[in-house]
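Take this structure, written in C-alpha cells, and hold onto it; I'll ask about it next.
The first chain written gets the first letter, and so on, giving A, B, C and D; residue counts start at 1 in each chain.
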Amino acid sequence: MAQIDSEKYAVATQLQLTWWRFRRHKLAMISMVVLALFYLLAAFADFLATQDPHATDARTSYIAPQPIMLFDDDGSFRPHVYGIRGVRDMRTFKLVYTVDPNRKVYIDFFGRGYEYKLFGLFRTDIHLMTLKNPERGDGIYILGTDLLGRDLWSRLLVATRVSLTIGLVGVTISLFLGVLLGGISAVYGGIVDTLIQRTIEVIRSMPTIPLWLGLAAALPNDWSVLQVYFAITIIISLLAWTDLARVVRGKFLALKEEDFVMAAELAGASQGRIIFRHMLPSFASHIIAAVSLALPAMIISETSLSFLGLGLRPPAISWGILLQDAQNIQTLALAPWLLISAIPVVVVILAFNFLGDGLRDAADPYG
Amino acid sequence: MTTRRKFLGAGALFAAAAAPTIDALAQAVTTRSAFDQSGLVGKLEGPSQVATIPASFKEAPQLATLVQQGRLPPVAQRLPSEPMVLQPLESVGRYGGTWRRAFIGPSDGENGNRIMASDKLLFWDPTGSKIVPSVCKGYELSKDGKTTTLFLRKGMKWSDGAPFTADDFVFWYEDMYLNKDIVPNPIADMASGGKQGKLVKIDETTIQFQFENPYFLFPYMIAGDTLIGGGQSVRQSGGNSFGAYAPAHYLKQFMPKYSSEAEANARARAAGFDNWVRMLHVRKDWQLNPELPTLGPWRTTRPINTPTWVMERNPFYYVVDTEGNQLPYIDSIVMTLAENIEVANLRAMAGEYDLQERHMDLAKLPVILENRDRGRYNVHLDLAYNGADTTLHVNMNHTADAEVGKWLATADFRRALSLGIDRDQLNETFWLGLGTPGSTAPAEAMPESPGPEWRKKWSVLDVAQANRMLDGLGLTRKDREGFRLRTDNGQRLIIQLTAVKAFMDWPAHAQMIAQQWRRIGIFADVREQERGLAFQRAMAGEHHIIVWTNGGTELLYLYPSWALPVDIANGAYGIEHARWYASNGAQGTKPTDPHMLRALELFRAAAGMDEEARNKNAQEIWKIMVDQQFHIGVCGQSPALMGVRLASRRLGNIPGRVCIAQHCRTPGSSHPATWFYKS
Amino acid sequence: MIAFITRRLLLGVVTIFLISVLSFIIIQLPPGDFVDAYIAQLSSSGSQVSAAEAENLRQLYGLGEPFYVQYGKWLGRIITGDFGESMEWRRPVTEVIGDRLWLTLLLSFAALIVTWGLALPIGIFSAVRQYSFADYAFTLVGFIGIAVPNFLLALVIMYFAFVWFGASVGGLFSAEMALAPWSAAKVWDLIKHLPLPAIILALGGTAQLIRIMRANLLDELRRPYVVTARAKGLSEARTIIKYPVRAALNPFASNIAYLFPYLVSGSIIVSIVLGLPTVGPLLVKALVAQDMFLAGTIVLLLGVMTVIGTFISDLVLMWVDPRIRHQMD
Amino acid sequence: MAEPILSVRGLKTQFFGPEGVVRAVDGVDFDVFEGRTLGVVGESGCGKSVTARSVLGIVDRPGKVVGGSMKLRRASGEVVDLGTLTNEQMRKYRGPEIALVFQEPMASFSQHYTIGNQIGEGIKLHMGLDERAAKKRAIELLDMVGVPQPARRVDDYPFQLSGGLRQRVMIAMALSCDPRVLIADEPTTALDVTTQAQILDLLRTLQKDRGLAIILITHDMGVIAEMAHDVSVMYLGRAVETGSVKEIFETPKHPYTRALLRSIPTVLAKPRTRLPTIAGSIPHPFDRPKGCSYHPRCAEIIGAVCERAEPPAVDTDDRRQVRCFLHGGMEEAKAGLQGAPA
C-alpha cells in the first residue's frame, strides 16, 4: 500500500510540476481560457443562437452586421434592435437595406425560439436572446446574414460545435492509434518496430492532401451527413497518428531505461502493469502537449476538405462549409462580413498552438 | 431553282405560325419594368440571310497572302457557287483580331460546339422562331410526310479543301451509323412510328431521308439540337457518332472496311490507342483533332485537352457578308482554361475576355455591373424561354423504398410539394428577382405554351392548401418537430433532394426549398452530389427528386429529355419508363399512371402531325405535365443559364439580345462569324 | 557514405512501392469499376458505349480479376511508361499531366525558396534578439501564418489584387503567353506570376520554420563552441553565422523532407483557388469525376516527387552535417 | 616579485533575469603572473567560469560586468583596463592576449568544420596570414601540442578525434595567436586520469617554454596541487581565500578551503572509511544566505555574527587573503551590525 501511495505521490508531483511550469506561460494560460470559452460556446451553441441556423428567408439576404442597442431613449437598459427593410436596386441589382430608427424591436432574455436539444439530451426552446413581437425580417443580426438570409452568428455557433468535435473525435482516434502503435513499436522492438517506423516514415513522406482527397472522394456519395462526418474524421485521423506514435515511442524507449521501470520489471510486475501503471502516467503531460498540437491540424484538415467539397456537405454546418460559402467573388464584394467565419478558425488554431507549446515546454523543459 | 422556292415555301409556312411569337416576346419584355430600369435587356436581333449573292468575293488579308503564295486556291473557288449570304446586324465588319474567351476544361466542349453551330444542316434565325438554311440551302418535306429531301450547296468544301458532297452523308449513314462497333443502338431520331428510316443519295448535292411512316417532325429535328440534326461539331465529338454527315475522305483511313480489321487495329495501336474504334472516336472529334476537316467558321488548331483551346478561321467557310467578304471576320479564338468559375468571372471582369456568356454567374451580376468600365465591356441580359431554370424532377418509378415511391407517384403529393414552395423567395435570392416564378411550362410567347394560367397552376405558394392535400392523403401523423410520418413504419417521411452544383447553385436552392417544406411538414434531405454520380444514380432509379433545369423543353419535341421519360440516357422520371417508351414496350416497365400514359401517347403521335396540330398537341402534353406536376417548376425565363453576356466595347455587330434556347445553340444562331473588332 | 545513400535509396524505393499500392487503392476504392464510370459519363453527355467495347475495356484493364493481378497489370503498364488514358481528357495521362507536373514542382520550389528566404533571417533575428519587440512581432505574425489556412487567403488576396491593382488574376501565365512555346519571354512571364501564389503557399511553412529556426538557434547559442568562437576574437555576426546558425541548419535541413510534401499538398489547394495550371485542380477534378488513372497517377507522381525531395534533403543534410557524412566511413 | 600581467580587483558580474538579479561574481580580486599558474577552485556554480568569461568580455546575455577593474599589462608595458573596452576593441585581445581552453572539448568545437579550419580562423584574423599559411601554422601547432600525424589530422572533424586529442587541439587553438594569458576552464574534467595527466604535462611544458600565465579553473584540488602556483578558492561569487599553493594546502584558513581539502581522496586513506563531504549543497543564487554565504554549511560558525554580517577580506600575509570572521574583521562587522536594525 505504502508503495502505491508513494507512487501516486511521485506521479502527482510530476503533473503538478508540469502545471506549475505551465502556469508561467501567460500566452498558454490565456489560450487555455480562450479554448475553454470556445468549448463552452459550442456546448451551448443552440442556446446562444438567436435564430434557427438553417432557416432561410429572402427578405433577410445579405444583411450587414447590425448592432444591439443597449439603452432606450430614456436611458433605461432595454436592449433592442431596429427594424430593417430591404429593397433591390434594379440598376445595380444590389440589395439595399434601410434601418428604421423609429421601429424598435426589444430583446427578450431567456425567451422562446426554435426547439433544440441541449447537450443532445434535453429538449427545450429557451434561448439567451429572442425578439419580442418581431415582424417578418426582423432579427438579431450581430454578424449579419448570408445569401439565404441565415443568421451568421447562429450558424457560426453550430459550426464551432461541429468542427471542434470533429477535432476532438479525430484526435482521440489518432491518440489511440498513436499510443497503441507507438507503444507496440517501443515494447516489442525488432521487426515490429522497424515495420511500424517504416510505415510512419512512408505516411509522413506522402503528400497528405492528395491522400485525403483520394480517400474522401472514395466515400460513397450517398452517405448521410452523419456518416460522412464520421468517415471524414476517421480519414483525417488515419493519417495523423504518426506524430503521436513517434512521441510515444521515443518516451517509451527513454523510460524503459529508467530506474523505476527497471525496478518494476525486476519486481516482477506484468508488462501491461508496467506500461499503464508506471510508464504512461510519467509521460502523460507529453501526450497532452502532443494532442493539443495535433488538434489544430485536425481542424484545418476538416476545413480544407469541406472547402474543396470533399468533406462535409451542406446542410451540415461546419467551419469549412461556412468558409466555402464565403469563397466567392460576390461575397467578397457584397457581403464581406461572411469572412468573419475565418476568425474563430484562426483564433482556435492559434490558441491550440500556444497551449500546445506551453504544455510541451512545461512537460519537458529541457527537450 | 425550284429547290430554293421549296425551302422558302416551307419557311414561310413556319414563319407564318411563328410571327406572333416575336412580337409577343418583345411585349413580354417591355411589360417587365424591372428590366426596363436595368436597361440591360435589349432587342432580340441578329444577322439575317439575304438571297442576293454578291458579284465578287473578298477574303481576310492573311488568306490573300496564302493565295498569292499559291498555297490556297482563290476565294471564289473556295466558296460554294451559292454561298450563304448574311446581312450583318449593324455593318459590314473588318477582318482581324483574336476572340479571347474562357473554357473550364475538356468537358466544356459545348463552349466551342455552339460557336461552330453553323455546321448544322438547317438552323434557326436569331430569334429562334424560324428554320433557315444553313449547310443545306433548302429542304423539301413530301406531302405524306415520309420523305425529307435536303439540298446541298454546289461546290461547297471541307476545311481542307476537299469537296463536301452527298457521299459524305452516305459514308456517315453506311459506315458509321450502321456500324454496330461505332453506334451500338439505332437512335429514335431516325425512326418514325418505331421504324428506322433510310438515308439515300439522290445526286451529288441532294440526299433524302426516307421513312415508312409519316415524319412531319423530321425537318424540325434536323434543325433542332437533336442527335440527327446537331451538326458535326457537337454530334461527332465527346464520343458521339451522329449528325448525318462526316468527312469520308479523311475518316476512311481509320475504318477496317477500307483496309482490314487487323490493319486498322495495328494502326490504332501504333498511334497509342487500344483499338480502331477508340482511335476513330478521337480522330473524328473536332475538339481533339486539328486535322479533322470541318465546315464551321473556325477550326481547332490546338485541341481542347490542353490549357488553351485555339481555333483559327476556316478558309473554306461557306458564308459571306452582303459585300462578298468571306466570314468570319475574327481571325482566331483563344480559349484559356479557367480552373474554376470564380477565376473565370474575375478575369471577365478584368476585361480579359472579349465576349463571354458561358460560365458567367448571375449571382455575381452586381459585381459584374460595377466593373463594367474597368473591364470595358457591356453587359447584356438574355432571357430564356424555358419554364424553369430550377426544376424538381420527380422519380415516379422509385422502387427501392416502396413508401416513398408510392408518394412520389401520387399526383396530389407532388402538387402539395409544389404548393409548398415560395417561389418569390427563391427568385429574389438566386435570380436577383430577374426570373419568372411558375411551373415548368414554357414562356407564353412560345408556340407550344399551354397558356398563362398553366404557368401558375399548382405553382403559387399555398401552404394551407398543401397541408390539406397532404392530410387528405392520409399523411396526418407528425413527429414532435412537425414533420409528417411514414404510413408504413411510423418513421419520419424523408424525401431526398439530389442537387448538383452545376449551372446554378442548386444545392442552395434545394436547401431553401427544404426549409420552406417544413411548413407543410415534409422533411427534405438535401444531397449535394457530383454531376456524374447524380446522373449515374438517376440511371439506376435510386433518387427521389433531382434538381436540374428544364432548359430545352421550350421546344418539347426537340428536347424532351427533361420533360418526359422518353430518353434512355436520362433516368430522372424513372429509367424503366423511359426504356419502355424508347423500346416501344419491348423493354422496361409500362407506367401505371394513366396521365403519364396519355402524355407519352400524345408525344409519340406528334411525329406524324403537321406543324399546327403538333403545337396543339404539345400544349395538351404541357397541360397534363403541369396538372400532374411530373416536374415541379420553380423559376425560369431568366438569364441564369448563359444569359449574362459580357461583350467587349471593341466588338461590333453584337446583338442587344440573343436567343437563349437549346435549339438556338446560344450564341450560335447569332452567327459569331459576323462579330468583329471595331479597332 | 555510399552505404547511407544506398540505405536511403532503398527506403525510397519501398516508400514508392507503398505509395503505388495506396494510389492503386484510391483507383479501386470508388464503387463500381472505372468502365462503369466511363459509361455513365458518356451517357450523361448523350452518347453510348457498346457492350462489346465495355467488355473490351474490362479485359484490357483486367477488371474482375483479383486485386493483386489488377495491381500487377497496372504496375506492369506503368513501368513501361504507360499510365493509362484519362477518361475526361481523352489523352494519355502523361500528356495531360505534362507541364503541370513541372509547374507544380516549380511552384513548390518557389515556395520553398520564399520559405527559406524569409524564415532563415527572421528566425536568426528572433533568436539573437530574443524577447525583443521584433521577436514578439515576428512570432505573432508567424503564429498567424500557421493559423490562417492558406486557401482562405488565396481568393481574398486574388480579389483584392484585382480590385486595387486591376492585376491579371489567377494563373501562372498571362493569356498571350499561355499559348506561346517556351521562350525567355515566357519564362519571364512565369516569374512575374509566381510570387503571389508562392508567397501564399509559403506562408504557413515559413511561420513554422521561423519557429524551428528560432528554437534551434536558441539552443545552439548556448553551446560552448559559441564561447570558443567568441574567445577567438571573432566578430559577433561572424560567430553566429559561422557556428550556431550552421548547426541550427541541421534540423532545418532534415525538415525539408517534411516541408516538401507539405508544400506539394498546399500547392494543390492554393492552385485550385487561384486557378493555377498545376496538378492540383487536375487531381480534384479527376477524383470528383472518378477519372481513376489520372487521379492515381497524380497521387503516385506526387508521392514519387516527395520521395525524391526527401532524398535530396537527405543529401543536403549530409552536406550540412559532416557527422552524417562520416557515419558510414 | 614582478608586476602581474593581469590584475583583477573587485570584479562584479551580475545576471539580470526576469526573477531578479543574480550576483554570479561578487567582488573577486586576483593577480596573474608571467610563467605562473593561478588556480581558481570551487564547487560548480560558484562563479569560476563566469569570472573567466568576464575577463574575456564574453559573458552571455543577460549577464553583465557591473564593477571592478581588470588591468592587463600588454607586452609593450601599456596597461589596459579590459572592463572599459568596447566589445569591438576587446576582440583584438581575445586570442593574441588572452585565450581560453574549455572543459568540454567536444562541445567546445563546432562539429561542422575541420579542426584546421577552426584553428586557422583566429590565426587569419589576428596574424593576417592567408589560408595556406594559416593551415601551415595550424599543423605546427598541432605538432607542438603533440597531435600525431598533424598534417593529416588537420583535416579531421572534431568528432573523429579522441577526447585527449581533442583537448590537445583545443590547447593548440588557444595558443594559435601566442596569447600571454591562458584561461583553462576545467581543462581535464572530461578526461580519464591518464589523459588528464598528459594534458596537464602539456600545459606545464607550454608554460615553461613560453612563459604563459595560466588561470586554471577547476573544482579538483588534486589538479590544483599539481599545477598551480597560486590559488584562489571561490564560494558563491567570492574569493574566500587566496594564497600560494603551499600555504593553502599546508595552512588552509577558511573553513570551506579546509572542507575542500578534506574531500580529496588519498591513497593513504584507510579502506572503507567514508570520504568526508561538505554538508549541504550550494544555495540557489537567489537565496544567497544573509551574512557569510557559507555559514549554513560551516562547521565553525560563530553564532550571531556569521549569520548576519558579511566577513570582509582580511590580508593575513603578503598576498594572502581570507574572508572569514575566524581570521578577523569581527570588529568592523560588529560596529556595522549595531548601527543596523537586526
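In the analysis below, a contact is a pair of C-beta atoms (placed from the backbone, for glycine too) under 8 Å apart; a residue touches a chain by one contact, two chains touch by 3 or more.
Every value quoted in this text rests on a predicted model; they were computed, and no experiment measured them.
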item	value
Given subunit B and subunit C, the chains that contact each of them	A
Chain located farthest away, centre of subunit B as origin (C-alpha)	D
Winner on C-beta contact pairs when A-C is weighed against A-B	A-C
Most centrally placed chain, judged by C-alpha centres	C
Inter-centroid spacing, subunit D versus subunit A (mean Cα positions, whole Å)	56
Mean-CA-position distance for subunit C and subunit A (Å)	27
Subunit A and subunit B, separation of their C-alpha mean positions in angstrom	47
Whole-Å separation of chain centres (CA-atom averages), subunit B against subunit D	93
Two or more partner chains touched - positions in subunit C	155, 159, 272-273, 288, 290
Multi-chain contact residues (two or more partners), subunit D	none
For subunit A, residues contacting two or more additional chains	309, 327-329, 333
Which pairs of chains touch, using the document's own definition	A-B, A-C, B-C, C-D
Contact footprint of subunit B on subunit C as seen in their complex	32, 36-37, 40-53, 56-57, 60, 88-92, 95-96, 99, 155, 158-159, 162, 166-171, 175, 178-179, 271-277, 281, 285, 288-290
Contact set on subunit A toward subunit B in their complex	54-59, 61, 88, 90-94, 115, 123, 147-149, 221-222, 224, 309, 313-315, 327-330, 333-334
Subunit C residues within the subunit A interface of the complex	11, 14-15, 18-19, 22-23, 26, 29-31, 143-144, 146-149, 151-152, 155-156, 159, 257-258, 261-262, 264-266, 268-269, 272-273, 283-284, 287-288, 290, 295, 298-299, 302-303, 306-307, 310
Of subunit B, residues touching subunit A in the complex	34, 37-39, 342, 345-346, 349, 361, 363-367, 369-370, 424-429, 432-434, 480-481, 501, 507-508, 511-512, 514-516, 525-530, 533, 537, 542
Footprint of subunit C on subunit B - complex, ascending	100, 105-107, 180-181, 183-185, 227, 238-241, 272, 274-275, 277, 281-282, 285, 288, 302, 305, 307-308, 310, 334, 336-340, 342-343, 346-347, 349-350, 352, 374, 530-533, 535-536, 539, 569
